[in-house]
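Common to both upcoming complexes is subunit A, partnered first by subunit B, then by subunit C.
Presenting the complex of A and B:
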């Protein structure tokens, strides 16, 4: 890792090789005694003792390689000069890292490296941040005695280029200038360049791609002098290869060979701030590196406990939206949505909004307005928004996008285990033997965790994939699922029950665990229910399409294969029986005793950076922060005391109910923070009708999103780079978000909410988000031990964090379930109302792709669109042929709800009868198609099953045209009068 | 000019690859099989091997490009591999070979325009006792001198 330029604490050093666990071994290095675990390399032991052995090919996030020969040392009693990176420590070993012999070797090695390297350091983009440069200094290289000859760096021919020659800078030209060894730069990737002339062939990039990311997109081609790094096969560049642009290779490169384009353009950074990524629920820690207030690059933070120094293309590179020209920085208002926007100052906008909202309450009642909190905003901001509705509006009309994603997780795990969250930390996967993955596609949606999962799979763990699509984890380089159960969309419950049926009827359950940890009577009832032959794989096969024999084998593997962990995503929850499937998953984990230790557990992969946090913070209409029901008098008392107002004891409206009530005319005003319900929520036409019927829609966002087309007030939002706060990731980890730069719009989102509340007469006076966290800790038992001081000290904590768990809780239910006894609940399969038939014979399911994120408000405004610039409909070749559809053709996708057009992508990843698309682009409006069916317990919409028909198309649908016209009309802005 | 070889179909490639699939370390046998059939490793085969072996194209490319023996394009009808290792050099092989190639206008690794001949260096054929040595279409020859090498090369079509 390039950690030489920015002064950091000792802890950030690259230790050279990975840490080991083992019995202590004591040795001396340069006379200093050091004790390290058995298996540690001499290089790492030296680093522990504070001695940095020169190195080029070693890095502590990958296994030792031993190729650069710079780290040679002398060991007493051993012959020769072994490489310290590949030599493990031994008891009593005496190592000398500096002797005349090793110094001479190192100098000689460096001289050879430099003999084939362009010495244009002063104009090189890695100047000051180059390990080759550092090592030349460290070994005291003062001369380069080799005559010029064959080389890789001089485009003009052999030996004509003097060091520092101005022509060195023209190396990005592709013309043949006479040197057959010279390869021009590969600039195909939008975020980084590959300059082979600066490559020292240390293989760090190749190993990072393999060991850290697990994509295997890179190789060393050729041998000897011809050896070069190659992305993909002959003739490929980075974009044509399998590269997923995670940035691990760029981070690993010790020279400027792989370099961020932002560094080339802006220079090396001078300061850095540790913060948390605002994309998915993995919650990676990043070092934001800056010059002044200009963000130069984002580098995954080595000590981030969620990502352990790794990143994906979104967090690492896709931050350009923060400065995009589309960003709105001035508040805007309008009387009616068919008028153009008027730019106004903050005072005017807030007064306008406050008066309208209060006016609506006067005319239509206290409960006629509400809020939608954002899972993209911080815990503190979310807490304030729900406080706004509860303490200022005086009702419980608050809901959040978790409604449309993981609300069934909250319900299902709450009912069975007693907590509405995943049971493990991400590290836990390192001890897992068998993974069941249901309805999740981590390599696209949670890429950094997927890399860790793949690493574990390559080390021998097994995986069972339950998904209608052949996702990457079914089979990709060096990963192959033991079983892929390609179920028909909508039959999750039947499949999960069939797995449980096999485990119970074949006696594979962990009876001791169940007797000790669960309610035995409830289990007995459940066992009787699940043993019924109607749940057998043979009986459900017709329904689910999953071959019975395969399912039986999978169940046996999970029950008997050691530590079993279940990971799942929205393919489980976004169904009419989403909650039932979550309960079924909890049942499976309890049946097999896979709860309460490392390597096991039930792990919902949460979609958004802070969807766990937004749920924790009381965003739901029936729950105050910490999942405590509003009917609970004791809980309301706590808030009455702190907030000084009476809390309504009636649950408020959920998002779908708000929209229904709006259409009916009883819900009139909405404050929507950082969420684009028009694009993300199901049945777009209904959402549009609901919004259009409201009299005051306040959108608080970075961009004029689709929802803003129906808004009367637009309050500019701030990005995650512009505020302090915390995000809570999928493993319940509370990570600090730190202000990297001042808000471009003038206020962080929590300040805007406070201003709005105060305009409505609240009298709040928070001056820093830490005070909001203190209030959360004061009022919420599971957060009682959390404060910014604690987070500063520990880096991050996982809730519950309180007196009973002062260090936080990496693993839940260790000594017993939170609710006491684990509860088995019967899971009867009820087919969804949404069925394919003659008119709509195909089933549509939706999902995400790696380079884009959700409604794409951010990623569409970055170069990530080079990978995915439009939504495509994936269709099996058989279904396509039947309809005469060719790859890339425009097609019409129609359901009972509506129709849209997009292009087809013929793919054998699909099963026949199932089609798939993403929902990243507003032009497509995939949610025009989805229906308003929803989960029975939580109203989570059934995105994952819609009966559709696919046919030829010759242009946008009427809806698309009408919508686009309305959107264009609605986005007009009149600048503020001077 | 050489005729462009027909691009083999996936089925034809698979027929060569599949018999090796269950073997230990099947990649090299697969590549040898392809080279024996086509005289080179056809580009589509890289993807097929990657698919069958559950590797990436980059990894297969890394192996193919490591071994000079595996070629990405077909060679000439005759391949003459001339030993350039130390023992043959010590008996004057290096000078003799360079002079002969220069005389005939041949380049290392290159194929003659008529498609008849490819000349390649090889590093030790194990014939050190009777160097300078070469291998002509798989058959070894020893005790080369300039006239003999020239005859071999011209007979092959140089």
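Presenting the complex of A and C:
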């Protein structure tokens, strides 16, 4: 986009080639002296000096290509006119970027480009945002002499007419039948078009797909004049190809050849706001580009420190839900859940909610109500919700969706390292030599970070994948795992302990690190424990299914291969031994000395955009913000002073405990912000029973989600585009979320919470979310240095950010662990209670797919559903064959908890005996299958291990039919009273 | 809140701490329950224990001596 359309700083310029690190080199460019690191290109050095060399095939997010020949320069003492993008600087070099010679060459090059480009600039969607147009102007091109030559475009606007086409009958000559070289647009992708006639074959899209995204879906097909971008095999369109729709190619395209459909439809945006994505825990920064208050497109922000200018199909394109017709914008209430909703004004809704909640406390006690905070909401919003329960309800009944995802991370890393967070920033992976990836599928769930990981793997790092499925990082384009350990679900602890066993018994640990940084006595106890032969790979092989020799080799590689980093996800935490596995992972990192510097560390990949933040903000029932237990008098004193109320010194109820207590009759009211526990939490029937037993359920959300089927009050929520606040991503980075447009419902979510609190007598008077952050900083030591002013100045900071760490903390535990000495803890394997057997012989594990996000409330309401419109059951061919199940067939999936129907997808990605599905679609309700077994320490549900049977189906289950009928009944809305 | 579920959860916690070195496992089980279980859950488990503690593991039973049960 041109500067006159969206004001941009100098820093937003494309510098042509990537930055380098190296010794300083001084040269002159057009007489100006410039000093840059060794290895920098002449093009970039010129840009550093403020001189823009014309270019088409170069871009600073990919390596130089040297094909367009537009960036030629003259260098004193050298022959010819080298391309400035591929020529590195040298000491004393004297460069001329403008001379009659290079001007003539550039003009000739541009003339050739333009000769095969439709000159429809005024009506072109890229008008004003086209590098080809800019370069034609920059080189002073005023005409072109090759008008009668061959070209690829469509001057008659008819495409290529076949001889029999009815439109051809009116044409007189063969030429009038259209241009035989013309290739029609590929409109298959829902978000962008590919117009071959506007392609200049600069290969930027192909290189972006390779270097930035790492998918290798695109190529240049044909030679010479026939060369055109192709999405895979001849005849493949973009949707049929391996393209993952990350948008990198569209962003790289210098013309309108690859163009967002939204730009074609809505025109070029005129303003932009930098904000943070609301999907996964990577927390990508984006420029939201608008016309007025209409969002035209989301462009990954070049200076976003989490994403470094990259994006995925969700963040880049899947924002259409914000204006979806299903959005509820008026508050609604009803006395009973079998009644239709009544639209009311905010006052009536909030008074109704407040009176009901206070009434419940009067009848059933002050601990009879609670809240669930949202990991999709901002830190400020989450802080207020937990404050609502602690300061207004007078109890600690607050929990968050992290309960069902990363609560074991909090416990495990808290016990071993002393803090509940990942140790590294994302940039750290650039220095990693060996990655252990366990229980995570980043190409689907954290795609932008996966691209960075793949880039590092292509540069030579090695990866060990521990997962029951052959995920993409086991083998995909230019990626091959050194070891894939396909463990049986539920045996993480045994595998991690076996890795440690090999490292300890073969003497591969980093003794110097352990002696200096860890408690030696605890290590000695641990070493004795882990050396026992029962933890050996040979002893655990029968249990885990992982070949002992592979595991041994993997352990040796991790211990001796250089910088070792461990990345993990919900495949670690969502087990009955989730916390024990996290502890085991921490043990592995300490054993090998892989803590406290770049390239190493323990890195939980957080599921939702603000899981880290929601945990930081005191969402858990036993902790105040900053992970400080409510039992500590000194911590409660801080809040008593600031909030003016006594804080309960006893832990509150966790989500599963709330539901149990509801069924029992002692928990009666819930304020649930931005979560859909009926779809996302395990054992759906039990969740439904708990919600049905409550007398006041307040759902604060964008849509009438599944939980709202059991709600009495619906408070409309705002999308991330309407929010002002901060998100904290998986690397502890606090990023600003800026209001792109005003909340459609009239209030930001923090304002709604404040209104509810005040309706209950709180007397809060925040007027801006920055005041909430100021209160967080005032009361939370790890946030003491955080303010909106600091975030504006620095872009983002990683906590701890305080007097000791004024610039924030990219790497944790550099000079010592947060708790002092690192603590080794023994990790005995204990089998889950959930066993497969004759009735339920298979093990079900669940997860996400790239195009959908969690319960799908957002992504299902976008074109992302074109990739994934239903949950499928992945099953190994052998298991399918045994049951006579064919690909695409409807099947019944049954467990001890319940049964559902969905279609089968036969896949060799699965191990035999293990099946897999996603939980994105309420029609499937995969969680009717999962059980209420949970992590011993945190109650994090055991989503990843459910014994199931798969059989033929002849239609929806009775439960599905009853559920759908109840949901339809519950969603009736009466029109508002006049 | 059903006693059988609380017993299962308490036994899980006890199973973990039973594997830990030292001689204070019962105290550590109790500390975990005191730190993470809401008082009515502890009270319910305590009540179950006082009524025979069906299903409770030995270590879970031993931990009950250190459980903090609220007066109300």
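Assorted remarks:
Methods note: the second predicted complex is superposed on the first by the 948 of 978 C-alpha atoms of A that agree within 3 Å, B and C clash if a C-alpha of one lies under 4 Å from a C-alpha of the other, contacts with A are read in each partner's own complex, and residues count from 1 in each chain.
Simple rule for what comes next: a contact is a pair of C-beta atoms (placed from the backbone, for glycine too) under 8 Å apart; a residue touches a chain by one contact, two chains touch by 3 or more.
Computed from a predicted model, the values in this text were never measured in an experiment.
In the superposition on chain A, contact of A:478 is made with subunit B only, not with subunit C.
Once the two complexes are laid over each other on the shared chain, residue contacts for A:367 go to subunit C alone; subunit B is not touched.
Legend: residue contacts after superposition of the two complexes on their common chain; A:104 is shown touching neither subunit B nor subunit C.
Applying the stated contact rule after C-alpha superposition, one finds that A:886 touches neither subunit B nor subunit C. In the superposition on chain A, A:242 contacts subunit B only, with no contact to subunit C. Judged by the touch definition given at the top, the superposed model places A:830 against subunit C, while subunit B stays out of reach.
Of the two partner chains, neither subunit B nor subunit C is touched by A:869. In the superposition on chain A, contact is made by A:661 with subunit C only, not with subunit B. More residues of subunit A are in touch with C than with the other of subunit B and subunit C. Residues 1-2, 5, 8-9, 12-13, 15-16, 19-21, 32, 34-41, 70 of subunit C touch subunit A in their complex. Across the complex, subunit A meets subunit B through its residues 215-223, 230-234, 236, 241-242, 475-480. By the touch criterion stated above, subunit B contacts subunit A in their complex at residues 43, 46-47, 50, 54-62, 65-66, 68, 72.
Contacts from subunit A toward subunit C in the complex involve residues 367, 396-397, 525, 529, 576, 580, 621-622, 629, 631, 650-654, 657, 660-661, 663-664, 666, 825-826, 828, 830, 833, 932, 934, 936-939.
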